[in-house]
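My questions all concern the structure below.
Each chain gets a letter, A, B, C, D, E and F, in the order it is written, and its residues are counted from 1.
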């Protein structure tokens, strides 16, 4: 590891966001009675998704769909390709059953809005600017991988009596109308329609507090992940390695794609982060309903307990360093 | 005051099963139901009720015996293999039999 | 350990009935009760439990049989015509009969 | 419709507030699993009512009760008169039962704080100033119509064994100590007592985020209204018409009264909005307990599914246009 | 469809008892349980469920009769003297006896 | 009482914070249906504790542990000494049972974060500066008295079969890993580690809204206390007097200690406030589990219904006046 990267990681480790995540892990491990009630969790996610969406929508209105189109299409493609190559790795190297491999692949092709938020916070702290319309990449990457994963899982199970197109349509419903996609896309649309002028009023509520709310949310995520630390022993060494190696590969791929699209260092970093991140909310919900035979311990542990912390601690600075070298 | 025997079916399971359960209740002909947000633990691990997607619900349905049997049959066949779930039956008495 | 038979009355109804139900429970001589916030559906439509004013509650009261009968009578006469409501009775056993 | 009005409506339609309401409608119609937990709903209402109350209270402290007195009295009168004339219309033109007519009339005499909030947002966006003490009109208009409605319902039921003064006192309790009236009047009092100086500290929390919180709340109201769209078919054409024509008549009446009291264009608009708005929280709760024989589908659908959206989409710009012509 | 008799033990008590109850459930060999957040009133005053520390929980455990008896014994001996608490037993029927 | 003090109290009485508390009392007494759902209560406490902790942590990072060490140690000592002298007073003057005396003593040695927050708000309003690292005093004073109280209670019960070291360890767990201590200490640590730079981002969310959130929280505390007003009759005159006299004595002691440590007028006031305040969240939870034979009506009524309102209405201005005279 080189000097710059080490510094970047160090700066990240002492950021409040990461420290709150660690505090959450501690709360879970030490079995403190600190607990976020479910409605608070829901309120925080609504706030974060709407804030991310609005910001991106306004940026789209300002940049014009023309400039946003190419990188958004590229992001969508990334989300489609990743599960297709992750599947055989899981199936043949990891020796997972077809349905488990498909389920895990879906999670890695999809994305984590909180990781994205943490990455924008990281860039802000460094004073590195980025295309604010990157929220659009986030929005289009959430669903495709889930659909691909469900298709893979169903095709593999062909012959059994469990093939039902109804489960594909269930997946489609969940992937498109699920809480997080719906809110993100909706807020993006509202931002794009009402533009900067419209944001003058609602803006203050969704900008200044954003970073603090994200920090609190990471405290909660630390607790959620911490309570599942024990599952690490159940998933085997392969998946632990997968959860850290794949993000790096996907991150590099994303950075390459971002650079190819002509994004700035910041935007390229975000494309890398999105590719590297794994979904632990939208994907699990959709997969649970559409591929009920897949074992949730595998995909949840990989996405939430391994990849999420890896990305917010080490991944983000790493993809940023990659972007800096490539774009400059 | 006449009190009529009736059966109470209670279903506890992961909250992602909410919509499929609702569909089932309509199909077997239940005329009402009540939902609780709960947390719990069972053979398929702990559900701490912190994140809606990882959480638990309980449904209580008052139904005549024939509907109860049909409902339990469907649960056993279609739901138990797919969802973390528990269901049980309890004898109760109600005031207005025609409601159920 | 002696276990005593007792009755559990469960009332499910719109949450605006909370205060009137509390008043009734005191009048019939219940010594305790437990409230749940629930959502549900019945003959009088869906109550999604999103707005307190449009929401649902469940009350459980453990009482001796005489009180249970009185309680159900009063519910039938004064509450069922006014509120969206369901009530049922269940036989249970408790440890300390004097508590109820 | 004339040009100015069309423009005013257009500007309103692309405002984030209205777009969030539409997003909520969509969520309900498409059956997305997006849902605001009840505690979040309660938290938002507490915030909005306190913010509206404090602002108005400080304004009262600054303007002095003398200047506030006349228009507040006029508002109170409006709230008393509206149910008295709405009742015969519902009873004899609409052929509703006495108790249903009384119940619906109560809702239209009472007011909607969220509609009021949306109207102040509309005025702010146009840069149109208004008497900040208008919150006091809101506060005094919430209860009287409910009491009148209950009295009308009880008088009509005379002879039956259901006349009990206890139900009048229940209505009085609900109308005065109900959550929303209590908070609004309480915050108004606190604002008036502690004045501008007192607000220096608590102010930031209740001003800058207000518009954004209101937008989120409209998202929720969209979902609540959207889930009841099906009831439109149950209430009949008369009530649908009633829910859009009466607001216009009441709005015009309110604008006339506001002008007569010497309010500015903004304040006159708000008086119109209050007269036009119908209560869907305080009134339903009080009426349900005091007139249990009234059918909630009628009054809830009219106030929440018809009049509320009508007002925030078309009514507010319309009453503003009326006010502009009359006052100038 | 074979339905097996089983017992449902319900415990209602102050929420500070949550951890001790969990420990007890594990000790008597329960394989699952379900928690409800409730409010209520009893001999030891009102618990309005507003502050977690002053609030109430309800636990439901489905267990075979032997475990139920052991559980109630332990509750009576170790918990009733320390916590505001009520517990009762109800006969139910379940589908998969081996789960409990 | 002298003129300055009267004025100070008067200014306090018309502060929004206190008025919100009174509004809450009114809501409870008039049995309004206003109610804060539990998740909202939890959310507000998380916010307040994190905000207080972060602010203190940053201040520690800036002042250096050297300057913070002495007064923090003194605060810790205060928290240890107070229950030791309060116990005999309760036992022999108040004729409480040993376990009740120990339980009450624990509450008065521990502290109330909300009283502390209200005191900083009071100082801010007067423009009186204070050592921002005073949050550290709060953090170290929460647990020791609880442990002392449990030890006293257990020693007194020696001979009975209820002595179990397990209950001491339960108390230790609760006192150190309980929600409020854990969050406060955690946020303090995060603030200290990430320093002013780290706070640039999360800061806005935790500073500007703080006073308003505190005001809302006092509304809730008013309701909680108001619902227990009836218990005043159950606890007897001695405890009512105790709940108002002891704070004054402890406040004076705290002011003396703060002055001796060389704190400013503001910091000295806060030391007095902490000594005078009684815990009504962390202590009741720990005591309930560790001294189950103690009667909660005594300690809750004293701490919550008597001492808390006394301090925020009269105590804070009083300790401030004392500090002004002593330090100047």
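Simple rule for what comes next: a contact is a pair of C-beta atoms (placed from the backbone, for glycine too) under 8 Å apart; a residue touches a chain by one contact, two chains touch by 3 or more.
Worth saying up front: this structure is predicted, and the values here are computed from it rather than measured.
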item: Pair joined by the larger number of C-beta contacts - A-D, E-F; value: A-D
item: Per Cα centroids, the chain farthest from chain A; value: C
item: Chain B-chain C separation of Cα centroids, rounded to whole Å; value: 19
item: Centroid spacing, where centroids are CA-atom means, of chain A and chain B in whole angstrom; value: 34
item: Cα-centroid distance, chain B relative to chain F, in whole angstrom; value: 46
item: Overlap residues in chain C, where contacts from two or more other chains coincide; value: 36, 49, 90-91
item: Interface hub residues of chain F, defined as touching at least two other chains; value: 33, 35-40, 42-43, 179, 208-209
item: Sites on chain D touched by chain F in the complex; value: 37-40, 42-43, 46-47, 50, 54, 177-179, 182-183, 186-187, 189-190, 193-194, 198-206, 208-209
item: Touching residues (chain side chain E, partner chain B) in the complex; value: 1, 3, 6, 8, 31-36, 62, 90-96, 99
item: Chain F contact footprint on chain A (complex, rising order); value: 14-17, 19-20, 23, 26-27, 30-40, 43, 121, 124-125, 208-213, 215-216
item: In the complex, chain B residues that touch chain A; value: 14, 16, 20, 37, 45-46, 48-55, 81-83
item: Chain A - residues contacting chain B, complex; value: 35-38, 41-42, 179, 220, 223-224, 227, 281, 284-285, 288-289, 292, 297
